[in-house]
Amino acid sequence: MKFKGGIHPDYHKLTADHATVVMPLLKRYVIPVSQHIGTPGEIIVERGQEVGRGQPLTSPAGFVSVSVHAPTSGKVKKIADFPHPLGKAQPAVEITSDGEDAWFEDIAGHGDWRDLTPARLKNIIRDAGLVGLGGASFPTHVKLSPPKEKPVDLLILNGAECEPYLTSDHRVMLEHPAEVMEGIGLLMRALGVRKALVGIENNKVDAGEALKRARPVDLDIKVHLLETKYPQGSEKHLIYALTKRQVPAGGLPMDSGVVVQNVGTALSCHDAVKLGRPLTERVVTVTGSAVREPANVMVRVGTPVAEVIDFCGGLTGDVGKVIFGGPMMGIVQSNLAAPVLKGTSGILCLVESEISQFQGAPCIRCGNCVDACPMFLVPSIMGLLVERNRFADLGEYHITDCIECGSCAYVCLSRRPLVQFFKRGKLEWHEHVKQLEGSVS
Amino acid sequence: MLTPTAVLAGIGLVSGLGLAVAAKVFAVEIDPRQEEINDQLPGANCGGCGYAGCADFSAALVEGKADPGDCPVCDDATLRLLGEIMGVEVGESVRHVALIMCQGGLSVAHREGRYNGHASCASADLIAGGGKLCSYGCLGLADCQAVCAFGAIEMIEDCIARVIPSRCTACGKCVAACPKHLIRLVPANTQIHVLCSNTEKGAAARKACNVSCLGCKKCEKTFEDDPRIIIHDHLAKVDYLKPPTDQAVVEVCPTGALTVRLLDREDRARQPS
Amino acid sequence: MTSPGPGDFKFIISVSPHVHSGQDVRSVMRDVILALVPGVLAGIWFFGFDAFRVLVLAVLGCVAFEIGMNRLLGRASTIRDLSAALTGVLLAMNLPSGSPWWLIIVGSGVAIILGKAIYGGLGYNPFNPALVARVFLLISFPVQMTHWVVPAGITTGLDGITGATPLGAAKEAAGLGKSLSETILPDTLQLLLGNVGGSFGEVSALALLLGGAFLLYRGIIRWQIPVGFIGSVVVITGIAHLLQPDRYLGPVVHVLAGGLILGAFFMATDMVTSPVTRTGMLVFGIGCGVLTSVIRLWGGYPEGVSFAILLMNALTPLIDRYTRPRVFGQVSRKLFEEAPSS
Amino acid sequence: MNLLLLVISAVLVNNFVLARFLGICPFLGVSKKLSTAMGMTGAVIFVMTLAGIASWLIYHVVLAPLDLVYLQTITFILIIASMVQLVELALQKISPPLYRSLGIFLPLITTNCAVLGCAVMSVQNDYSLLETTVFALGAGVGFGLALVLFAGIREVLELAETPKAFRGTAIALVTAGVLSMAFMGFAGLVK
């Protein structure tokens, strides 16, 4: 049950045994319109409009798009550009809550998922604004409808949570095993598969036991404990570890007959179908030694980061970085006014001593990165090519197959910013290909 | 004495015949104009035009991939002649010069965080916009300087680049290299410029940088009858087809974003005022 | 404390990952120097104070030249990464203990300037700096470089009578057409312990094997190069010995004698000048082994390790290019269709 | 048996570029890119072998009987020139990209001392026709080996932060020096 490559970082799972804490209602929420991969929805509310909790604020624009919902009942204060965790300021809806936290009147449960047709299930999932909670935030209903020519026979649930520090999936599996299992069932039905596997790293044995005990009798769901190794949670490597199938390079999991969903997504799907509740809150791990009281917090989507950190005792003096996500792939924040998104699995506050700074010394070709790369690329030479602006040769080195997991930079002796080279390299390579196609055609 | 010359002539003749046959077998048709152009070119095969030699450059010229101006060695007379052969109009009307639309060095602009990574603007731009509070401003990691073949760009202070007009040949390489798209080719005879690209509202712009354009429209108002500066998206833009000439208009600007910079006479860039 | 508003809080802004394994160039170079200590001590034990003199001169020479070149090229000092010190130690171990002081200084100069600094410093040099110096000295000053001293041990003082190395003796015998049985050859135990003629660092096979095992255990070097190197030498010299026992030495002697152990574990595995992929390392190791055997058995020089490694260093760019691993999920070698060629 | 020794001597021990230092200008000129280096190797091997055979024939059939031996050099150059012209015409037709990338260095083979050297040497050492062909082939392969090896290194050196003064040909010459030092390891391989 292993994949080749990868690294063994020290895991710092400080909050593994902290029960999830619910954040109290706040006065102000900022809900960005773009929170998922795909076209952002169109805003369907205006300034001053009264909204109920869970009321959709945008309507999906096209198939690969979902709407965002109000986290609480209140009034739409302003629609403008607000700081966004993934880069420049972007349009968002600012809502001031009226304190009642009353559900929008159309919210109603849809009964047992076993009596609903797959198409109906997918519609409920889309209307509930469900996206992958693992971090990629790809619209769930799109993943559940693979094209005819790509038959899918297996659903895999990603409970690996291989990023150090993060424990949100762990808590979800421990605290709601039954709902997660039901959620898996409804996803299997929506996808039309009879088998499902749950992959959990063997540093979360209690979660595995909890899920096994909660397995519904009529569902063929097997829970497997996998070796704790980063990046076990990468879709391609989770599939390989569980089924030995290799997703073709440049392809998607469905190319090898599999769809992968995060365990948190399964729970949210269950809430959407059983209780009719859209995705407006999720478990976020707030951790790192720069935050006074690390905790797993049930946070409403749209809560500014500063508020969440305040709720956990605020930052210590010598904070170095505040990161959305884990330390291996997380995105650094420069402005704490940015709100929590659907895909935010963790808020990591690290002190300077915990952080390793990049030095960009010359590569001494030690080969550590070649051993660590789970996609079997050659990061040392690829990085050198980008550093010297030799973008035309990157295709030969398969830069587009890099999953930016950071394993190479973790073991790089010269502390080179390899993932930054590859992000840049991919952009420049696509530019190069476009120019070539332009000149050839 | 006769035999050596006879032997040599014989070998020469045989080889010549063989080659004549080979020339027919491997004939490759070449555009007649290519021969004509090739004769005009200096024939030094210096590679300054980016091709392997003059023959290669003339082939590219015929296929229209290159233009006569690429050859750094040819004098104007030859360039005009090449233009006629190709039936292409050659020569430039007004000299243009590159201009960086930003003055936000760290003495006036604020950082949002300490950037730690690859020392290249295009790479820094991928990480939270590069860590400068004004996300439109110059990151000062010298991508433009690295790509300028004429040494016409210098880093005059932390986080800001500046073009040396006298050395700039308007080749456009820096325009493409800047990830924030701050560099424009402007006529060298213009003097008044808005050196800012921040399109945020006034309050946010002022917080990000002391010399940012707040979109206050004061400069626009001074040209009631024939508009020479237009405000668009909280940012003033000079109309370079009908540029303002009266340098007094610069006093109107509260932050100094609208400023005078002579582009045709300086050889060394003056320190920022 | 209220969380800071935007702008007035100076976070570090960088790409992921934000954490690191902790190992860096300095720690790796330090481990390699540590692994060399047994070999150096054995050398000093057998060749006395003179060997220590060579070591100190070589290390100081290399460090001094590195400082000089950094200043000359206006580059930040790179002494901290201990690579110059390591080059010094390796260079010293490749020189006979009796080498004159100027030979060592010239060697250090060539190693640092010609071997590394001229290419732009650590990471860009195609050839192993210490070996560039050793081959340079071997060709320019053959007499001093083959002035082997019989190991007299630190206790009994030093007497400068020269003694041939085992490989040198075998080469002379082959040259004169004499059979091996007539020439006096040290028995295997002496070879293992290092009580034989040779460069001061390469003699004690046991001490070097100890250091090599330490490096393998720490994961600083990969098994592919030493195993490929020593394995192919054993195979080739083994066959040659079987075919003509009286003309060619047995594989055991070939492994323990000369610079093979030092070369396989410390010189060939120099990260900068060897391939980055595992298959590439195996090819590199085997290549070194084949070339060493060819030179030792039929070449002009008794010892081929240095030349073999330098030649394989030259081949490394090609090895890197043609031994790239197959990408995860890549079905055929050419799954990734090349971009339309310009 | 001595044919094998002849090849080993031509390819490794007395390598035309790294031991005899012949044909240095195409060696430096074409070794920037590996693909052009391979193209050049093909062209040189072809020209060398054909020129070797042709010059042996001319020498033994025409020059020696008429004791015009002193014409040897001029006739060899004439033959090599026409061989090169033949290759140039063929290459322009068969693979224009390779022709364009070789550029100026293809006609340069005419005055390439390695090709002329090989022809003259095979005559001086009084080799038979078979020996001349093998020697010329070995010399061409040796030249190719050195060229491809060197092109591999130079492509990597492109990525290095070489000090400004040494960029380009300077560092190439230094590297070629070290490479030829390494090749001296083969000295004495052939008795």
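When the chains are written out, they are named A, B, C and D in that same order, and each has its own residue count from 1.
Criterion: contacts are C-beta pairs under 8 Å (C-beta built on N, C-alpha and C of every residue); 3 or more make two chains touch, one makes a residue touch a chain.
Everything numeric in this text was worked out from a predicted model, so none of it was measured.
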| item | value |
| --- | --- |
| Of C-D and B-C, whichever chain pair has more C-beta contact pairs | C-D |
| Chain C and chain D, separation of their C-alpha mean positions in angstrom | 33 |
| Centre-to-centre distance between chain C and chain B (centres being mean Cα positions), rounded to whole Å | 49 |
| Gap in Å, rounded to a whole number, between the CA centres of chain D and chain A | 60 |
| Distance between chain centroids, defined by C-alpha means - chain A, chain B (Å) | 42 |
| Junction residues of chain D, two or more chains touched | 159, 161 |
| Junction residues of chain A, two or more chains touched | 331-335, 357-358, 362, 387, 417, 420, 423 |
| Chain B, residues touching no fewer than two other chains | 112-113, 116-117, 126-128, 131 |
| Topology of the chain contact graph, where touching chains are joined (line, ring, star, complete, other) | complete |
| Contacting residues of chain D [partner chain C, same complex] | 34, 148-150, 152-153, 155-157, 159-163, 166, 171, 174-175, 178-179, 181-189 |
| Chain A - residues contacting chain D, complex | 362, 384-385, 387-388, 390 |
| Partner chain A, residues of chain C touching it in the complex | 1-7, 9, 11-25, 28, 81, 120-124, 222, 271-278, 281, 320, 324-331, 335-336, 338-342 |
| Chain B to chain A touching residues, read off their complex | 112-113, 116-120, 122-123, 126-129, 131, 135 |
| Residues of chain C defined as touching chain B within the complex | 6-7, 9-15 |
